[in-house]
Structure formats: structure tokens, C-alpha cells
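What follows is subunit A paired twice: with subunit B in the first complex and subunit C in the second.
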Partner chain A sequence: MTVKTSRGALWRSFRRNQFKTEMVNLELSQILTGHKGIVWNVSWHPQGNVIASCGEDKTIKLWSKEGVQWTIKTVLVDGHQRTIREVAWSPCGNFLASASFDATTAIWDKKSGQFECNATLEGHENEVKSVAWSPSGQLLATCGRDKSVWVWEVAGDDEYECEAVLNAHNQDVKKVAWHPSLDVLASASYDNTVKMYKEDSADNDWTCVATLQSHDSTVWSLAFDNTGERLATCSDDKTVKIWKEYKSDNQEGVIVNDKESVWKCVCTLSGYHTRSVYDIAWCHKTGLIATACGDDIIRIFKESEDSDLNAPTFDLMCTKLNAHTQDVNCVKWNPLGNQELLSCSDDGEIRLWKCSE
Partner chain B sequence: MVSRFSGALQLTDLDDFITPSQECIKPVKIEKTKTKTGAKIKIGENGYFDISSGREQKLKKVEITLADCLACSGCITSAESVLVTRQSQEELLKVFSERKYTDNKGVTNDVSLIVISVSPQPTLSLAARYKLSSQEATRKLVGYFKSLGADLVLDMTVAEDLSLLEAQEEFLQRYQNQQNDPSGTHLPMLASSCPGWVCYAEKTHGNFILPYISSTKSPQQIMGSLVKQVLSRNRGITPGEIYHVTFMPCYDKKLEASREDFYSDMMNCHDVDCVITAIELEQMLESSNKSLNDILGSELDWPWSDSEGPPSLKRHVGSGSGGYADHIFLYAAEHLFGESKAQLIYKNLRNPDFREVTLEKDGKEVLKFAIANGFRNIQNLVQKLKRGKSPYHYVEVMACPSGCLNGGAQVRPITGESGRELVSQLEAMYSQLPLVIPSDNKLLRKLYSDWLDGRDSDKAKAMLHTTYHAVEKSDIALNIKW
Partner chain C sequence: MTKTADNVNPHIYEKGSERQITSAEHDEELIDEFDAREIFDLIRNINDPEHPLTLEELRVVEESNIAVDNKENRVTVYFTPTIPHCSMATLIGLSIRVQLIRALPSRFKVTVEVSEGTHVSEHAVNKQLADKERVAAALENNNLVQIINQCIAVM
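Then we have the complex of A and B:
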């Protein structure tokens, strides 16, 4: 689609941010082509030197740099029978997980010298929408259209045991993401909420410990900041929300009944996005937030210098018009913190951007 | 709202948010006459009207019953409209007052005898809820059912004993078969008394898992056969005249009672007509502003011959889900390996809901049993089986974490009380019930000889065993969703 944004909305957005738009520049470094059809997701290898991508064409492509150009090094086929919705590198970088609409999650590794699928996680009733590794690499989370969130434990030797099946959401679950340092899991759903889960040590069972309610429509994605005490969520309601955790000993006087902590929405970024916001990435090194939107635009936000922790303010630093020619599905910061940003889209392309302040 | 079904069913079948009118893919036969122009339909205030013939004709509402849903691979909806039809507290009270009922097939029967069969788990749940001893709770429960109009209130020990004995025999048979045919699908034998697990296996894992599931009927369904066959004969009435209600710890039991397998064309009735649960009984009491404490107590009935003292709630060795693993283990240890005093020492695996027990002989593991409760452990068990990595001879599988004492329709913990505390309390209460040993039950011998033409007879097979059916996934266009 070409014109998705009304002139008025764009103008207002421009006016509001005209003094800041030039503060961050997003420059296209390379267009990575090779997928047929929609590219749903990309994942940086933890060392930032390999990219995995997946999409509608049921393949996973692994890219690395040859000179200055990123090129396809490996194509993984035959792992899935339907669309691959998300790929995720394990924290150690030795495993790649892929979540597919064929109801399975495949785990790939290179033990034999080349990438092979050595384990398949079965159990979801239908489409798996998202997969994520815990920071220790010992746990995996998956979620999907059957409304459930599953936690799997790496049991060694290509064995994965189901640790929990969580039925807290009452609609399609779109995304799972782990806290950056603890075994705390968050999930975003078509039921407009975000839920958080933890293991109860008394019986090794996982329970939902928090429900984050404020979005008016599907929550598409979510990202923790580097402390894990704040969470950014993006939604079909065209907003981005920032949530803060208040622990039981908080100084602000937030009441925490019988719980370890409560999460409160402390900031809503509205009026910027003109369509559904599909993905959000919070860089753990620079603190920049990037969003992928249905209006084909990538936006970059930065927290203001004088931001109050309990009512933070974020400024729009960059509006990359026509970042893609169709919906932007995913944005990912290079984990090295070198300000490289990856995006992929319905238009079949992956784009690598360099951000400069 | 927390669902009263087990986790397994919540995941696969039940969809509280899809009502049949929105997404149901069940083809429904509509009688229509041929017209040249096609039908003209008017939407009125109280229904749809066909006006093609010139005058308004009210169109029949399409009704999807629970049985339709069970036979379908689409959603099962727990939408009240479906479940409520035949298995609700309202329906129960209606039958009590009108003394007639209409079954799934649309057959209406006059009722001459209302029988309630009480299982121990929901009774203990109510005992905990109203702070009564298990004996008192049982008496008051009997009194309450009688005050509503029940003619007989029975305990289910006899059916539980029959189920355990049959399962023990079935295991020995399967073990022998496996020895003779090592590539067969005889072992591990998987428990069959949890309908949530059975339903999940049928819908999701079909023919791969079903051969392993014990063919022995659950106590609820054995009780059904006893009441509709033996009791009706003893009383000289037709099975259809008996309205049989069971008191159970989960909603899944309603699905079980509705299965086609448990409908007899010969008798024209189901073995169990209605299942009522602890949480519904609490609601019934509350909606009439009563507490179980205020109900006048009464004794359980004993309609069988050979009474061995007054009937009461009993427990069996082993888990609060019926003790299947323990009974079969001890029986197999004795009959296969001559170990009459085998020790049952369970070892917890990844979590307390997955534990295993082994029998060693001459330093070798000869029997390996497990108890797997809750959906996550069902997953791990199924995946082990699929990869050929299951080391077990028998697994007691229950869909609810902690098993039947923590059934999906047990009374919820009160505010401030954790679910775990409540379950431990129920477990403690269960362990205080008088212990029974199935092989000591004299009534069983009589039933086998008088009713079932002996053990292993065709009749015993027909009455005490059942079959399972893989549900084919239909890939019709309507069913494919993005």
C-alpha cells in the first residue's frame, strides 16, 4: 500500500517533532533479498555477526558478512510445513529455534558440522506464533493461537521437557519475551493484555503473576529494557506503552498486595503511529526504542534527559517514511550495541539500517 | 472465570469464546422443500421466518448437543447453551420435580427411581468447604439429595473395586501379550478413568496413543451399568425409568457420560444421565440460601445384597485418583514375580506430579510404573512414547495437577487459602477414610457370577470395558483459519 497515512496525521506528527526529527538519522546500509513473500522475523546471533530470517516461504535463511555485504550462507528447508513466524538464537549462539504455523517449534544446531533440526517441540494445537530463549538458555517459551504459553526446559541431548502449559490468556497469544536476567516470562495477546509468569519453587509449577491491562486492542509485541524493571509494549491500538515494575518495598507508595511486585503503565505514546504497531525493540546498550508499524514506517524514540521514572517522557527522534513498501513486521537492534537495526516486511525484504545520533 | 474442565480439555477442545453460531463447523441437516426462487427469510423478533410459501413459517432453531460436539473435531464449546441442556443443576432440579427427563436422543422417559452415586473426591471437597468431617459431610449430602427428591443415594466403592480388579487383570494380559509380541502396542498401559485425558488423546494423538489406553471403564461408567442393569432388574423396572446422577470432581465427567459408547440402544438410555459436581452443589445450596451444615443428615443406601456393615465413603491404597498405579503394581509384582510384599517407594521426577516406582528383582528393574498428573506431564509422557523413550509398563494419567482430589470442579479455595493447601487438606482427609481392598469385596464375587457370567466372560467384557475412537481432523475449507 502506498498511502496509508493521512496527510493531516503526518503533518501533526511532523510539527510535533520537527525540532527533534533530525536528531537521529536512520541510514539504509543494505537490502537483503532472497525470501519469497512475507518476511516475518529476523534474529541477530548474540555475537551480532550472523542473521537468521524466516517467513512465508517456509525457509530459514542464515546471513553473514562477506566483505561489506551480508549474503545468504545457508538456507534451512524441510523443517516446517507452513509459514515460519519467528526465529530465535539461543544466548550461547549454538542453537536456533523456529516457531511455525505447522504447530511445531524446531531446534536447529550445528553439532554435525552443518545446521540440522535435531529436536522438534510438539504440543501446541495449532499455529505457534513466537519462541524465545530465557537468558540462561535453559528454558524456552512458545505461544500461539491455541491461547496457551508453554515453557520448555532444555533437558540435554536434544531433549526438551514441557515445564508448564499456561492458559492465562483467553485469546491468541502473539509474542513471548523473557526478562533480561531473571526467569520471568511475559506474553502479549489478542485479548489486549500482557501477562507475566514465574516458577513457584514450592511445586515447580509456573503461574501467572501479573496482568498488564491498558491497551485497547491486540498487543503485538513487547520488549524489556536492560534492567528488566521496565517493559515497552506495542499494539493494534496504535500506541506504545511503557510499564514500570513496583516492588513491595517501593518508595513511591504503590500498594503491592500479597505479591512481589505490580506493573503499572507509566507512559503512553499515542498520536505517532497511524496504524497497528507490530513490533518494538528496546536497545539494551543505547536505550533507543524502535518500532515497526503497519504504516510502513520505522520510528525511533528516546527517553528525555529530564524524564521522571514514574512518568517518563519519550521523544520521537526519527520517522523513517517508506522504510519498507508494505507493513514492517519486525525490528531488531544488533546486540553489540553498534546502532545497527534490522527490519523485515510484507514486501519480502530485510533491511539493515545504521542509526546515528 | 476459572474453567471447571481439566487443563487438557481447555487447550484442545473448549473454546469459551466461540459460540456454535459463530464458528461451529458441524454440518446440520436442514429439511427444505424445493422452490424456484430460493427461500425468502424474514427475521422476526422471536426467530427466523420462511415466507417463500406466502405465509410465515417459523424456522426451527438449529441445536447442537454435547454429543454432536464430542463427535466433531472442531471446537467443543462450553458455552452454557450446549452444556446446560442435559447436564446442569437446573435440569437436575427439573427432573426431581417433574419426575421425567429427555435424553440426548430426544427420548422422554418417566422416572420412577432417582439414583445418585457419590464419589469420594467431591464429598471431601464439600466437607472441607463446610468444615465437616467426611462422615458428617456424607450424611448431610445424602440428606440434601433426599430432600430434593432422590430415592437412593449410593457410594461408588463397588464400581471402584470392579474397575481396579479389571484393570489389574487387563495389565497381566497386556504384559503377557507384550512378551509374546514384543513389537505390539500392549505396553505401557495407560489409565483410562480420566475423561479429560481420554478425550485429549482421542482428539490430538488418535490412533497412536489409543491402543495403550486401558479398555477398563471408569468407576462412573461401571456404576452406570450396575444401576441401569442390576438395580433395574432387582427392582423390576426398565432401565429408562431410572434417572442416574453421579456426583463427581470435574466437568470432564459430563463429557464421559454423554459418550455414544455409554448409550445403550437396547435399553434406550445412557448409563449415567446427569453429572453434578462439587462446585455446582455448592451453588445449589447457596442459591437456596442453605449451608450444608444445616441439612438434616441421612444414611447412604445399600440396594445390593450381602451387606458388610453400613455403607460409607471408602478409600483405596494409593493416589486420591483411585489408586490405579498402586493396585496394579502390587498385583503384578505378586502374580508376575511372586513378590507378595512389594514396597511402593515413589521417586519424584521433574516435579511432584510426575513420579515413578520400580520393582527390582535380582538387581534388575522388572516393573516400572509412573503417576503423571496435569497437562504438562501428559505432554512429556506422550512425547516420550512418540520417541520410543518411555521406560514404563504402566502410567496412571490424570489431566488435573495433583489428580482427582484437585479436580476442575472441586470447590475453589477461599480467599487467602492457596490451592496447594486445600489439596493437602483433601489428601489428608482422604487418607483418613476407611481402607478397602477390592479383592476382599464379597459383593464382587456375586456380581461376577450372577450378573457377568464369570470373569473374562463376554458379558464382563461388554459391561466393564469400552473402546476409544480417534477423532479425524477435518480439513474442510471452513475449518482452515489463517
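Then we have the complex of A and C:
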């Protein structure tokens, strides 16, 4: 009997300590089932009322709310021959792009009344790993196993033109993400680096303008904050890093040679994740950072109140153990800023969470 | 075109004995956790891609190079290529990984790595085997899956 009491006391003190240090609560709202096999990615419609998901089963599922429950409204099949790795809604919400291991990127829209694939972007030699729309919706970026990053321009109705093929990485490129307001692109790679690109106004040539080097293994994903002056990256090295842009007129005395700006790693979050960190999402409304990890856990970090911009500190606010029964592949904050978080996993499930402070 | 094997004359070792099934293992009441021997039994008969021999006979896999943590749901297998510049190392590692993913409950996190200091591209091979996205893409390649299935199929 004594053993039982002391165990109970221990548990209570453990719970107390958890509440003391972790002040964000992540509550499961719904489990969305329907995919067979790995669910690689989910994407919120910009209005926050439709979810697109994709995975190993080569289908895209579109979910929307019926009463309080999210249900499958449309299933897009026959678009791809192999795994669909990522889906992305255009900023206007009228187009959906899907990147597949079959080397193509498909663009879907419902001009005809129902969703159809009306354009296919071909050019990558093999697996396309990621696709992202620029904030204006006029540009698309894709990247893949062939080590290249492609920038495409929306040239007209169902027409897309390749603007640039960027070969800055020397390995597999895992993810592309655009700056929240400018046509600045970032990519994360198996070569352990992150690269930034922009178009040179003089000759309209896209070039690599920065290389962010600090991770010790594959950089799986990246997310800008709402200003675009900071970037969060996550890696197979089990860390999360925060980078800050220093422009040529910076007050801190950071030397910016002949470039417009330099990016410096100002914070490394290590010791939290126990396996590869596959995805990171930085909420543009609340500033909360969520991570998806191979240890089946979703973690939430928040910048401290007294955080120094040049050496910021982030506190772990929530550790959702067994958020999924297998690796968590993706986390996405609802763009409405209502603290809803989506996650998906190797376990075949999508989970919707409500975050509260 | 026939390709000559990297190691044309590998050292062949004797097979170990079969595991003794004890009465405890027939007892449904007992919780029987996974141990290194069971993991070994799952991979010892994988065929070498170049020789009509098993990974056990070539001592590519050994029971002592397997670690199981049931509480943390971790299985770690270190394999030893027969020669340090073996071009088949990634394929062997992939076969071990695929066999374990297929055979073990999904709660297990499987790590397959080259035994330290036994391969010239140890780091590159390990990184590739740990990249689940590359593994997933490889498993959609029918030719490769066929080769892996041939390796895994018990003779």
C-alpha cells in the first residue's frame, strides 16, 4: 500500500511541475481518418475553412466542416502516379498545387464547378518534395531530389512558365517556403544548409543571396515569422534554429559586405527533441512555434517576454506526448489565428488540435 | 552483362543454432517482450545481394550488434559490410530496414546503421538509411523492391 501512495504523490508532483513549466494546453478536437498509409502533408485554405491532405495513397482529400465535424467532401485521384508529398493552397484560395514523387507538380482548380487538374508542371528529374506559392500568388516554387529549386511564373489561364532553375544545393532539396510579403524564397536541404534566393532587379535573374549554415544534418523544414525578418528551421540533428536577418544598415554592427543582408543563427533549441524534427510552423498571429517530430510528439515553443532580439530565448510551453502513434510529419496553424493546429502522421491520421494558453 | 562481386571471396562463417523454444514462450499469460535474439532471427536469413549466402553466414549481422528497448520502442541494428568499400552496403541496410518495418509492430522506431569504422562511406550510408522520405521513395521503385524482396525471401 505504501508503494501506491508514494507513487500517487510522485505523479501529483510531476503533474504540478508540468503545469508550472508548460502553460500551453493542446486539446484534441478531432481525428480525421480516411487516408491509407502515410499522411505526408496538410494545408489550410487561406480562409481556414477547408483542409487539403495528401500522402502515400496518391490521393488528395479535401475536408470541410459539417456541423462541428470535419468530413471529406472531395477526393482527387488520378492526378499522380506516386506518393503525393505536399499540397499548397494559393493565397487567393482558388488553386491547389500538389507535389509528387512522380516528378510532377499538379495545379487544381474548380473553374468548371468541381476540382480538376488543369496544369501539370514538368521539369524535375525525379521526386518533387515541396511546392509553395509566393505571397502575391504570381509565383510558385518547387524543389526535389534532383537538387534543384524551380521558380515558376503564373503566365495566364492554366499556364505556368519556368522563370529559373536554381542549383545552389548539392543534395536533395526538402522544402521551399516564401517570405510572407516579399518575393524572397528559402529552401532547406539534405546538404544541411538553407539557401535564400531573390530576383536581381537589374537583369531579372534569380540568384542565391544567402546560405544559412549551422545545422549538423538534413534540414527538413522552415518557417518565416510574420515579419519575414526571422526564420525558424528544424533538422535531423534534433534541433530547431532561429535565424535573424541583418540588413546593411543594421544598428548591431553586423558586417554585411557587398550583400543586402546576412542571416545569422541567433538561437538553437537543443535537448528537447529526441528524434528528427520533420516540420515547424510559426503562427503569424500568436507567435507560437509548433514542431512535428519523429518521436511522435508535438511541441509548442513561445518566445520569452524579456527575449533579446539578437539572442532570443524560447520556452517549451507544451509537450504533447503520443500526439500520434507514429512519426509526426507536418504541423500547420490555422491562418485565421484561432489557435487551431493540424498535424498528420505515418500512422495514417490527421489530427486537429485546439491550443489554449 | 555480369558484374563481378565487390568481394569475390568472402569469409564464410558457420550458422548459429536455432533458438530453443521454452515453455514460458507458450504461456499466453506471460508478457513476452522483443529481445535481440528475436530481431536477429528476423534478419539472419536475409540473402546477401551478391552471394548465395545469408547475412548471418557472412557475419554482416550478429546478435551482439542488435539492441532492443521495449520501453522506448527502439530497435537498433548495426550491420558490418564484408569489405569497407562494399557498394551494396545501402541495399543491405535497406533490406534489413524493410524486413524489420514489415515484421515489427509499428510502434517501434527502427534504426539501421553500419557498424562503426567498417565502411568508407559509413556516414553517407547511415544518413541515407535514416532518411525516411528517401526510403519511402525507394520503396515505390518496383525494380528496387523486387531486388529487396529477393534478398528478404528465405532460401
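We adopt the following convention: the second predicted complex is superposed on the first by the 335 of 357 C-alpha atoms of A that agree within 3 Å, B and C clash if a C-alpha of one lies under 4 Å from a C-alpha of the other, contacts with A are read in each partner's own complex, and residues count from 1 in each chain.
Note that in this section a contact is a pair of C-beta atoms (placed from the backbone, for glycine too) under 8 Å apart; a residue touches a chain by one contact, two chains touch by 3 or more.
The structure presented is a predicted model; accordingly, all values stated were derived computationally and were not measured.
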item	value
Which superposed partner A:218 touches (first subunit B, second subunit C, both, neither)	second
Touching partner for A:129 - first (subunit B), second (subunit C), both, neither	second
Which superposed partner A:172 touches (first subunit B, second subunit C, both, neither)	second
Touched partner set for A:162, first subunit B, second subunit C, both or neither	first
Which of subunit B and subunit C A:205 touches, first, second, both or neither	first
Subunit B/subunit C common contact set on subunit A	145
Residues on subunit B engaged by subunit A in the complex (per definition of touch)	3, 7, 10-12, 16-17, 204, 350-353, 375-377, 379-380, 383, 386, 401, 420, 481
Touching residues (chain side subunit A, partner subunit C) in the complex	38, 56, 82-83, 85, 101, 127, 129, 145, 172, 174, 190, 217-218, 236, 275-276, 294-295, 325-327, 346-347
Residues of subunit A touching subunit B in the complex	122-123, 125-126, 145-148, 153, 161-165, 167, 170-171, 202-205
Subunit A-touching residues of subunit C, taken from the complex the two chains share	106-107, 109, 127, 130-134, 136-137, 140
